[in-house]
Amino acid sequence: MKSFEEISELLKNNFSDIHFEFHPEAKFEPYILVPANKIDTVCLFLRDNNELYFDSLINLSAVDDFNGNKIKDDKGNEIMQGGTMSIYYHMESIKFRHKLLIKVILDRDNPSVNSVTSIWNCANWHEREAFDLFGINFNNHPDLRRILMPYDWEFGHPLRKDYQNPEFYQGMKVPY
Amino acid sequence: MGLLDKEFSENNILITTTENLFNWARLSSLWQVGFGLACCAIEMMATSASHYDFDRFGVIPRPSPRQSDVIIVSGTVTLKMALRVKRLYEQMPDPKYVISMGSCSNCGGPYWEHGYHVLKGVDRVIPVDVYVPGCPPRPEALLEGLLKLQEKIRYESITKKNNEIV
Amino acid sequence: MMYDFLYELTGSSIIAGTIIALLPLFAFILPFALFAVLLERKVAGHMQDRLGPMRVGYHGILQTIADIIKLIQKEDIIARENDKLFFNIAPVLTFVGSYAAFAVIPFSSIFLGAKIDLGIFYIIAVTGLVVAGILMAGWASNNKYSLLGAMRSASQIISYEIPTILVVLSIVMMTGTMSLFDLSENQTGSFWNWYIFGGPSISIQKFLLIPFMFIGFIIIYISTLAEVNRTPFDIPEAESELVSGYHTEYSGMKFAMFFLAEYANMFAVSAIVATMFFGGYQSPFGYLGNSLNLVWLIPIEQFFWFIFKGIFFVFVQMWLRWTLPRLRVDQLMAASWKYLIPIAFVNLLIIGFITLI
Amino acid sequence: MSVKTEEMVLNMGPQHPSTHGVLRLELTLDGEIITKVVPHIGYLHRCFEKHCEVMTYPQVIPYTDRMDYLAAMGNEFGYVIGVEKLLGIQVPERVEYIRVIMAELQRIASHLVAIGTYGADIGAFTPFLYCFRDRERILNLFEITCGARLLYNYIWIGGLSHDLHPDFIRLTKEFIREFKPNLKELNNILTYNKIFIDRTANVGILPLETAINFGITGPMLRASGLRWDLRKDDTYSVYNKFDFEIPVGKGKMGTVGDSWDRYYVRVLEMEESIKIIEQAIAQLPDGDVTSAIPKKIKPPVGHIYSRVENPRGELGYFIISDGSTSPFRVKVRAPSFVNLQIMDELCRGHLVADVIAILGSVDIVLGEVDR
């Protein structure tokens, strides 16, 4: 059972070149901020290190932080420019019963990050859902396509805060 | 054949009795497509279970749409599913009826405002005969919906154009 | 018998022949099929704590009539991709296959179709037609599920034909006749003379035969269950896997034909089992007609006993359907080839030795 | 001369008698042997997460019911625990006990449906109706407490919507007394039925490492031999006050982790739930259930991941609040969504009939898979 500090120590002296941000003060869940391009190496280490042994990824959630600047596009509804999107990785070690939360921040306009499906198979559908509803594309994901929305849905990604509903889809009126 | 078409316009003994017989036969053996979408499907299963028995009214769940007369749309019809429901409806042989069960399939239900993927009512895709309100409607409500449909079939007529329900 | 009586009445053999041919069909089998469908739904209902059809007529009696009239009105869908010729012939073939078997089954001493002495052989040949019908239905509906269902049903019926024939062989070897009429006649007197209890002759053979006759009965009952596609062998139209197997694409009257053919087949099969092992139309305790010496009463009693035994076995089939789960295809094949056929062979040999003693 | 065989793609479409709802399985068949299974989901995507961003905290509770509509109490429980941790509310003892009773009753009801539909998929239709008969009694219990049969909106943030009905305790005891013999009867019909065992033993064997790697939780993980149950390992509410043990798959009828084990773990779990309910009723304290419900719910800025042991596995809510009255983002970790990914692994090399047996033992609810 390792505490958050011990895990941070282990990570710091193992990856001296990567710049981590540790947030033990976050009230409910302390988390570690990892740069986007290094996420799969860090996760591989977290899983294979036999002291940490994070063998199960509980949850992978994408969040649209919606902190860019709002501008009006031609049709009058507002579009977000710039800003960030973040992905939270909850992982847990069943052997040592300790949990960890890792956060990754991506640019909102074309968010892309390395996929962790090769490390935990469970991430496969979580990542496809993040791609489908937020538009985050995961590099070298086995088959990245829409999972919840219809495959031919070309009106953007619904869970973004500035998403506009289409008027018609395949001849059916969508809004009420 | 002169007799038949002359007498066809208004009711006479020949037409009404066969019509009543056919209507009675159609309404007392409505075979439903075993097809559930969401929470209302669980209530539909509860209705065909022992406590509120659907079989008393002659309703058996048939697996294939080819052999069924009534399709009970029980649950939320999403846009991705709407095309399938439409095709399923078209595959059913002709005297077919639709019971829209639950407020989700009546008008989009709790998802009417922000459900970007929910079809606001199954009647935008297929013609509906009976709407059963409720989320999910109680089994008794579904049975009442079925009786309402049976009433409608009882007064269907091939001769009268506007079959006003008595 | 019936034929001679009708021949004098009508004076021409063609009319008498057609009446004989159509009489069992309309007088008994169609009403039985309608009744069996209702019986199945009532039995299923009461076994599952519910009432079954109640609202159509008094306690649901008119339910199947309503079903049939409704099915007549249904639109008869023939899909564009279907192979029209086979699609239309298939239900007729299955219907004919299962109804032709009734021509030979003795309902009572005077009321039976044809008293040919190749009785059982004819029945086994005719039920082969049903397989052809199902294969045609599966192929013609141009639907993957129907094709899978038809393939399964062909392999199932063929592999369960063999145990049936082996047990039939043992009976024929023991009694020496293949005609169902002679079989029923031999088992007169009390139920102690039935073949399940070793046949009419009081001798050491009779007591030796009893256990093997019982095994023979179980084998033939299981394999006829498979031949009629009833659970636990109803894989061709397994609702949960293959939507509804070979008759997925059928609607309206064609589906009704499949539906009625299945129930008629059920009765035909249980009638054969009753005739071979449980004394066909013989009553277990002797006839009321004899004691009151009213000769004309005996055929009616025989008819009653025959129907009673047939419906009892149909009830057992329905009872099995609503309790047992379904076997997988390879387990079904294994059951027939690895268990039923070897046991049937050994049973055949032993009965052969016993009859030689 | 090798016969050129071609693989057939069979579409177990959104409308199929035994896909438990609107799931499309694309099977690639070689003869009847399965080579690949591609599940297509999304036919019941009802945009739950979009609704969370627009509704206030208490308004989201009815939407959580509609996710896993067979275990509505469990969904509310998970969400409400998360928001209470955000607000830092301490709920009175009586509320905790009633929540545990409701969650365990809901577990029995959900397992009854899972077992009933599993029997119907294998072909035995009567056990399905016996399970629904027992389930009706539980629905009556729910109905007298909160008025609804399936989707309750009963567990609120900080308390409950109604207190228990005066004769709820008597009816629950009655139900438990009558349910035990019914469970034995169910075992005789289905669990030890030779054909059922043939159809499910050694079918869809799930080794423990692949289960953990695929993030499988709930009865499926316990059937593969791991004693992992959130009620004991990550205790929430008052579960630590009851003693019950966690049934684990032992491979009685085949190897550990096959479909029969997954089925049997659910049967044993129902017996455990009865024990919990009996103890909870015995120790039920008095008090007011609506005293701790806050008038204004505005949690501080922060994020919390709360998780609950639902009948299908670990249901987790990742709630991010930005200080306003409605959540900024709620991500739901639905157990069926994660458990369904294993279908391809499990079904390879089996027959079409086995896919139905395996899907029945995985026991998914589409409302939760598509959210």
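Order of writing sets the chain letters: A, B, C and D. Residues in each chain are counted from 1.
Please note the rule applied: a residue touches a chain if its C-beta (ideal position, glycine included) is under 8 Å from a C-beta of that chain, and two chains touch if they have at least 3 such contacts.
Remember, it's a predicted structure, so these values are computed and weren't measured experimentally.
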Chain whose mean Cα position lies farthest from chain B:
A
Provide the C-alpha centroid distance between chain B and chain D, rounded to the nearest whole angstrom.
31
What's the distance between the Cα centroids of chain A and chain D, rounded to whole Å?
26
Distance between chain centroids, defined by C-alpha means - chain B, chain C (Å):
37
Expressed in whole Å, how far the mean CA point of chain A lies from that of chain B is 45
On chain A, where are the residues touching two or more other chains?
148-150, 158
Of all residues in chain D, the ones touching two or more other chains:
17, 42, 45, 47, 50, 129, 133, 370
Give the residues of chain C that touch two or more other chains, as numbers and ranges in rising order.
48-50, 239, 243
Going by the touch definition at the top, which pairs of chains touch each other?
A-B, A-D, B-C, B-D, C-D
Touching chain D in the complex, chain C uses residues 44, 47-50, 144-145, 148, 231-232, 234-235, 238-243, 322-331
Within the complex, chain C is touched by chain D residues 8, 10-11, 16-18, 32, 119-126, 129-130, 133, 189-190, 193, 195-196, 198-199, 351-354, 356
Quick check on the complex: what are the chain B residues that touch chain A?
79-80, 82-83, 108, 112-113, 116-117, 119-120, 124-125
In their shared complex, at which residues does chain A touch chain B?
148-150, 158, 163, 165, 169-170, 172-176
Show me the residue ranges of chain D that touch chain A in the complex, using the header's touch definition.
41-42, 45, 47, 49-50, 53, 85-86, 210, 212-215, 226, 228, 233, 300, 302-305, 307, 314, 316, 318, 320, 328-329, 331, 333, 337-338, 340-341, 370-371
